[in-house]
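Structure incoming, see below.
Should a chain be cited, it is by its letter among A, B, C, D, E, F, G, H, I, J, K and L, assigned in written order, with residues numbered from 1 in that chain.
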Amino acid sequence: MYGKERVYKKVEVIGVSPTSIDDAIKAALHRAHHSLEKVSWFEVEEMRGHVNDDGEIAEYQVILKVAFKLK
Amino acid sequence: MYGKERVYKKVEVIGVSPTSIDDAIKAALHRAHHSLEKVSWFEVEEMRGHVNDDGEIAEYQVILKVAFKLK
Amino acid sequence: MYGKERVYKKVEVIGVSPTSIDDAIKAALHRAHHSLEKVSWFEVEEMRGHVNDDGEIAEYQVILKVAFKLK
Amino acid sequence: MYGKERVYKKVEVIGVSPTSIDDAIKAALHRAHHSLEKVSWFEVEEMRGHVNDDGEIAEYQVILKVAFKLK
Amino acid sequence: MYGKERVYKKVEVIGVSPTSIDDAIKAALHRAHHSLEKVSWFEVEEMRGHVNDDGEIAEYQVILKVAFKLK
Amino acid sequence: MYGKERVYKKVEVIGVSPTSIDDAIKAALHRAHHSLEKVSWFEVEEMRGHVNDDGEIAEYQVILKVAFKLK
Amino acid sequence: MYGKERVYKKVEVIGVSPTSIDDAIKAALHRAHHSLEKVSWFEVEEMRGHVNDDGEIAEYQVILKVAFKLK
Amino acid sequence: MYGKERVYKKVEVIGVSPTSIDDAIKAALHRAHHSLEKVSWFEVEEMRGHVNDDGEIAEYQVILKVAFKLK
Amino acid sequence: MYGKERVYKKVEVIGVSPTSIDDAIKAALHRAHHSLEKVSWFEVEEMRGHVNDDGEIAEYQVILKVAFKLK
Amino acid sequence: MYGKERVYKKVEVIGVSPTSIDDAIKAALHRAHHSLEKVSWFEVEEMRGHVNDDGEIAEYQVILKVAFKLK
Amino acid sequence: MYGKERVYKKVEVIGVSPTSIDDAIKAALHRAHHSLEKVSWFEVEEMRGHVNDDGEIAEYQVILKVAFKLK
Amino acid sequence: MYGKERVYKKVEVIGVSPTSIDDAIKAALHRAHHSLEKVSWFEVEEMRGHVNDDGEIAEYQVILKVAFKLK
């Protein structure tokens, strides 16, 4: 694969999941892969979350860059 | 709203206005909201400007990230 | 050109070329200009490369931001 | 004032206002000054905002550091 | 909730847990929520850990910012 | 204007104004334009301020880079 | 342990695992501990991953710094 | 000490001393230790100083983060 | 040369060239060396460029710091 | 290649060449490949250079990270 | 002093001293104060040093920003 | 010395000393010079320290990069 001229694009997405960091990453990848373009790789940029009134984590929010090969 | 799986996308835009920082932000939001997608929030990244020959500010340039919910 | 309200968008792309940093930049600009939109300027973000088994540079990878005027 | 041993503390606060960046800064300073301690100076860290369904800015959010002299 | 003047405070805490990154985050949130104030959201700043003499992870250390609404 | 060999210089200045962020920017630009050289553009680096004993903003301090064309 | 003159070295490693972020960290620590030197602590620098043609995560890649006491 | 669930808090303080960087650090630690909580460690963030009319250093200002164990 | 008390100054300049990154660096160094002071070293800060209507690079813009020994 | 547990190491090297940025990169890669280990990829961190008394570039200095697969 | 419109300029200088970090700072301040303008404050940016063949520190190099009030 | 092709390597080390920042730097340099390779220069990355139960500095920890010429 290496050594051929080609071009990729990176897009910033935020996955949100009530269950885990990993599920938030997967939600973002699933959504990007199916509605934008076929994802080649991802990079985690930030991890955050919302906390409900009982002090429990209501949701995990993961900011990712996802990269696609431009055809 | 919190606690449901969902995905957002962030896009980088630059608003330019001859009048003020705030108008440059609003120009970018207006343009993004109407031609790209419905904006949920924005983050100011950089503020710059061009100066004319008399030393007056010819325009304000504000670099923003704007976020949309992917449907 | 200065002093009129207008809006730009920045997109992150990665150009890959077996020959040089400059060719990797040009590959990315060519691709962005012809398939996305007419590019106004670019900013180099990172320069990387892959090395083959003989220790030679197999390809240069340049991560760029490219900016377009939104019409 | 310079040249005497003394100690300051910095605290991170976020001011939110529906009207402007400046009002968001003032809301944060007012609140910090009256409920925490007497503020000496502030530093703007980030500026963000929420956008409503019509594409208008619903509120400005300014993240500040505020500094107090410890007595 | 958006559009009303209000003020938040962010505090930096470090959660430590022998079991996982997620447990370290939860330890910090639990402690902050019950002894400081009711947490609204958190942001992960750094993830580290200590390794014991056998090369196993003795503990995960997660540095977070936690945010509270000031009343 | 594009496409000709030329050289610019950037200088860091701090504008201070009792009235607003915008006036602090303009104070710095005015001073740089008239005593240093003719400014082409500016970039905002930091925004800070001093607070008086009543909790009011005594002054806004804006750190800018200003750019000149070297002749 | 504190208060004695001593020296540590930090080395940057990348752990790759098809199963999870945690397994990628552990792969890197295990490898560093057994072939380089006895690790004292680690710091996570970046988290990335490769995505296969079906949009599933093919592997997690975690960039770490690991620290050793120099003897 | 390692391997037990526990939580720390980090606070940003600024020590000022007319004599040296080290004395500015010690002023901040002394003040934090005696009026806030028992300090576990510190991290130097920035070093600055004020200069008097003769060009001599009037004072050293050191911005630190200090960490406490939450009990 | 090492071991003697001396002082350098760094200045930020931007070289622009229609031909290459290297020519943009050389334009800036040439200009700084002949009109400001004798340059000791340079550091590349950013690389950017302008693109013309045909998608070709109209010019390369390189932001440098150049250092001079103060005599 | 993707999807198998493996570990890489990154090392920071500086290549110096009197002729060009590209030659400085190649000098570093050649040296790392032959005396340290077989390089998989590289990342450019900084580009600098020394200037001689005539204002010509005496040498280019490129700071790189190079990555090896640990076996 | 606060509350009046005024403008400062910041300049980057490097002080070098064979004896200590503090002497390197003072060398830079002394030189800036006497040949450039009257310094108001300084900020330490980086600390480095050269090591001689015996492994002793040959000199300390401190990169500072120094600020002057523009009159 | 300038103008010849050559390669350096940078390694990250942490010096710890109960007495001062300078002694922590010297401990790291001494250790690196005698057990790794002959050091050419160093760069201070971070300064931290541990505080004992009485609020006194138990030790200074300085994170450095040290550079060697590869032969």
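Operating definition for what follows: contacts are C-beta pairs under 8 Å (C-beta built on N, C-alpha and C of every residue); 3 or more make two chains touch, one makes a residue touch a chain.
Protein names from UniProt, one per chain: A, B, C, D, E, F, G, H, I, J, K, L = Flavin and coenzyme A sequestration protein dodecin.
Since the model is a prediction, treat every value here as computed from it, not as a measurement.
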item: Steps needed, at minimum, to go from subunit C to subunit D via contacts; value: 2
item: Touch-network distance, subunit B to subunit K, counted in steps; value: 2
item: Repeat of interface K-L, chosen from D-E, I-K or H-L - more than half of residue-number contact pairs shared; value: H-L
item: Gap in Å, rounded to a whole number, between the CA centres of subunit F and subunit C; value: 31
item: CA centroid of subunit D to CA centroid of subunit G, Å; value: 38
item: Subunit I: positions in contact with at least two other chains; value: 11, 21, 50
item: Every chain pair in contact, whichever chains are involved; value: A-B, A-C, A-E, A-G, B-C, B-D, B-F, C-I, C-J, D-E, D-F, D-H, E-G, E-H, F-I, F-K, G-J, G-L, H-K, H-L, I-J, I-K, J-L, K-L
item: Residue ranges of subunit G in contact with subunit L within the complex; value: 2-11, 65, 67, 70
item: Touching residues (chain side subunit A, partner subunit E) in the complex; value: 20-21, 46-51, 53, 55, 57
item: Complex contact set, residues of subunit F against subunit K; value: 11-18, 23, 27-28, 31-32, 35, 50, 52, 58-59, 63
item: Residue ranges of subunit I in contact with subunit J within the complex; value: 21-22, 25-26, 29-30, 33-34, 38-44, 66
